[in-house]
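Chain naming follows the written order as A, B, C and D, and within any one chain the residues start at number 1.
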Amino acid sequence: MTIKVGVLGAKGRVGQAVVEGVEVSDDLELVATIGRDDSLELLSLNGAEVVVDFTQPDSVMGNLEYCIAQGMHCVVGTTGFTDERLKQVEEWTQQEGAGHVLIAPNFAISAVLTMVFARQAAPYFETAEVVEFHHPTKLDAPSGTAIHTAQGIAESRAKAGLGAMPDATAQSLEGARGALVDGIPVHAVRTRGMVAHEEVIFGAEGQSLTIRQDSYDRNSFTPGVLLGIREIEKFPGLTYGLEEYLGL
Amino acid sequence: MTIKVGVLGAKGRVGQAVVEGVEVSDDLELVATIGRDDSLELLSLNGAEVVVDFTQPDSVMGNLEYCIAQGMHCVVGTTGFTDERLKQVEEWTQQEGAGHVLIAPNFAISAVLTMVFARQAAPYFETAEVVEFHHPTKLDAPSGTAIHTAQGIAESRAKAGLGAMPDATAQSLEGARGALVDGIPVHAVRTRGMVAHEEVIFGAEGQSLTIRQDSYDRNSFTPGVLLGIREIEKFPGLTYGLEEYLGL
Amino acid sequence: MTIKVGVLGAKGRVGQAVVEGVEVSDDLELVATIGRDDSLELLSLNGAEVVVDFTQPDSVMGNLEYCIAQGMHCVVGTTGFTDERLKQVEEWTQQEGAGHVLIAPNFAISAVLTMVFARQAAPYFETAEVVEFHHPTKLDAPSGTAIHTAQGIAESRAKAGLGAMPDATAQSLEGARGALVDGIPVHAVRTRGMVAHEEVIFGAEGQSLTIRQDSYDRNSFTPGVLLGIREIEKFPGLTYGLEEYLGL
Amino acid sequence: MTIKVGVLGAKGRVGQAVVEGVEVSDDLELVATIGRDDSLELLSLNGAEVVVDFTQPDSVMGNLEYCIAQGMHCVVGTTGFTDERLKQVEEWTQQEGAGHVLIAPNFAISAVLTMVFARQAAPYFETAEVVEFHHPTKLDAPSGTAIHTAQGIAESRAKAGLGAMPDATAQSLEGARGALVDGIPVHAVRTRGMVAHEEVIFGAEGQSLTIRQDSYDRNSFTPGVLLGIREIEKFPGLTYGLEEYLGL
């Protein structure tokens, strides 16, 4: 038994990668690829069970309203979800016969797991720092993912009752100790040739633990999308973030 | 309120490190240090609530029988526990008023977490390999920890229904692809100057996840022992392995 | 003053990357792109000063004979050069007015430097091992580059009078200690998502030195080719390998 | 033929490690160990050919004056050498029959090679950054070694005519991009359990090169000291820094 998949935004770079990922998976069947000008009805006509949406903020809500009402599940990587939008989507999913929805800001499984493991490890180490590496054309430093990771570590430390980290630095060149995100130092390295990489370094007496994530390629979200397609049947309503699907 | 701690094997190298760890902890109070020739009664006389045992296989069972019966909890890093011994200890802990027992083969939190995270991550990646690094005077290759890690990954992959890993290797120098432990390649590097280090490398389309553990020093078990002392009150009976105490 | 560049094999994947690299360089001017069916005379007619050849073993010798005789310098990444072929090319370069030739098996500067530095470091460390990481569709293990690196280390150790490396391994799973290349252990890891990566790990008392090279992309040879184009005027005759151009 | 070695400051922690290193070396013979209250004449009386000085700034000049005049070579790790002191030592070494002198701020071969290789690699990469890792009780950030490494990279880039590194960062948390040392970003990570570690990361199109040095132990200077003892006969006069002895 295969799962019948429709892809919205199938002509875009991300959509194409999803299409390829579906096509090479024996348990998935591609039944519709929808571009900006195609009718959403092609999805239902072709019997799509799960619809993947990597489109634009201005079209995603319309897509979701239609698909959810038709009972099709939706795996969504489109950006721009405010709390208000999320609340609206949740309401749609609560109708009888509604499709399930997964909306995730990051589908790269290695990045999601790095954040999850960082939260889990944080209570057991005296120190924690984040170093991220990206290409030098990136506009923001540190990356959004690194900031989220640091926030997660800080929350986890606080919950465990850990105080400020030890740091005897008395003489310092400005910037050497990184940017503090909720008390966690974050360092941003910009290296030509690199894509997107993150390292979390925990230290305790006599030992350290390093969790490192490397994205070599913009296709790195594909395995996460395929996981979403395969598991969404089990997650009624709206799920935000891939973490829950990982059962962690 | 402090926890009153007694240390068995307090003169040994490991015992000394535990003694130091207890002494620098405000929430722990060292009430007895027991050498090979001292009476175990000093533990009860001094009101020890938790006893740490890093002694020898020939003395540990006697120590445990006494302490458990006295209602003292036991944190045990001594080796040589067979299934039979574990069963015996479990029986002792089931008497009324018995102390709790934690026996762990590895108290280095970074190593324990590496194994836990490796199991958690395994279902989400097509490939997994283990590389371990030790000093060149080590007798066995790969290390016991690396073998355990690989076994955990293999179990986790099997449970998730993953098959054999892709590997197109057609021409190979003997040994290049490592030792297979339940289908997981494990590589052992021997480097002068290193202590004990392990790296688990997971790969999926366009990305990889690396979990690395470094032990720089033989004191790396101390944080795990202190964690055991602090948490053992909550874990009645016998617990084997530090994983449960980590709540993961 | 710009250098006028012609590219042979300009339609191939590698040739295209070279074309792009030349086009974005202010000091280089692309004057001719030659495919399999184009006449070599276009190179001279357009005043090419340096010709880049990433073609096939069956065409490269004809290309070189023509270009060298015309006084054009040749930067060559085509494979299949036997000693006999190299000798022939050398003879051609010794004619009056002949062009200079650079033939290199690897134009990735990071890989070339890794080999150079590994040779330089080898005499100062008791132990040395090589770990290489590639995608799981690679046919050979270890990689040719890793074998070359190990051979260079072995030669450098021998020249310095170092004997066999310490290794107390007494119990071992088969393959755990890697493949021995001239006495140097080499480990090959196959990870989905990775491209081509190599790590050389040296150890001495209390310390280690790791040299790591990552190729994220098949364009990683471009900087080495551009370096060859810019420097070839200074290197008369035939040069084999990019090392000399690096002045190391 | 063995080399006869005397050790000044033999009771200090560093001196003891040197004594042990000499004792386990078949080609070296320990002939004198001198503490603060012992006479320097024991060195000459016992026929020391090379004297190792890890003492204090207030005693080293007297030690050197005596030893050099006696024709004994001196390997010196004591700190506090000003230009004036170096000039004085150089004068002493120019007398007839004078001993040779090696003064080095860092005897850890892995750290010295990291600096040497960083200088060599710098001209070939668009970007270069330094990340150093130390225990959280370190007072200065970044470390002196990291600053020196960055300065060497900057000099090497300037000599090669490279301009400023690309960096499109437009939005940044303060400190995220590290401290600039002569234009090279340097990041200082403070991790409990670590000792002293440095990583230099170079990037070019499609590739990166990472040189990493780990000191696990305060004995990491011993191999450099032993190298100095063995090679000093070949280096008349005063040599500053271990680099020249490495022939690089």
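Rule of thumb we're sticking to: a contact is a pair of C-beta atoms (placed from the backbone, for glycine too) under 8 Å apart; a residue touches a chain by one contact, two chains touch by 3 or more.
Because the structure is a prediction, the values reported are computed rather than measured.
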Interchain contact steps from chain B to chain D (minimum; 1 if touching): 1
Winner on C-beta contact pairs when A-C is weighed against A-B: A-B
Most distant chain from chain C, judged by the mean position of its C-alpha atoms: B
Whole-Å separation of chain centres (CA-atom averages), chain B against chain C: 46
Chain centre separation in whole Å, for chain B relative to chain A (CA means): 33
Centre-of-Cα separation between chain C and chain A, whole angstrom: 38
In chain A, residues with contacts to at least two other chains: 125, 193-194, 202, 204-208, 214, 216-217, 220
Residue numbers on chain A that touch chain D, as the complex places them: 125-127, 129, 131, 133, 136-142, 147, 165-181, 185-194, 201-208
Touching residues (chain side chain D, partner chain C) in the complex: 21, 108-111, 113-114, 117, 120-121, 124-125, 202, 204-223, 227, 246, 248
Residue ranges of chain C touching chain A (in the complex, touch as defined): 193-195, 214, 216-217, 220
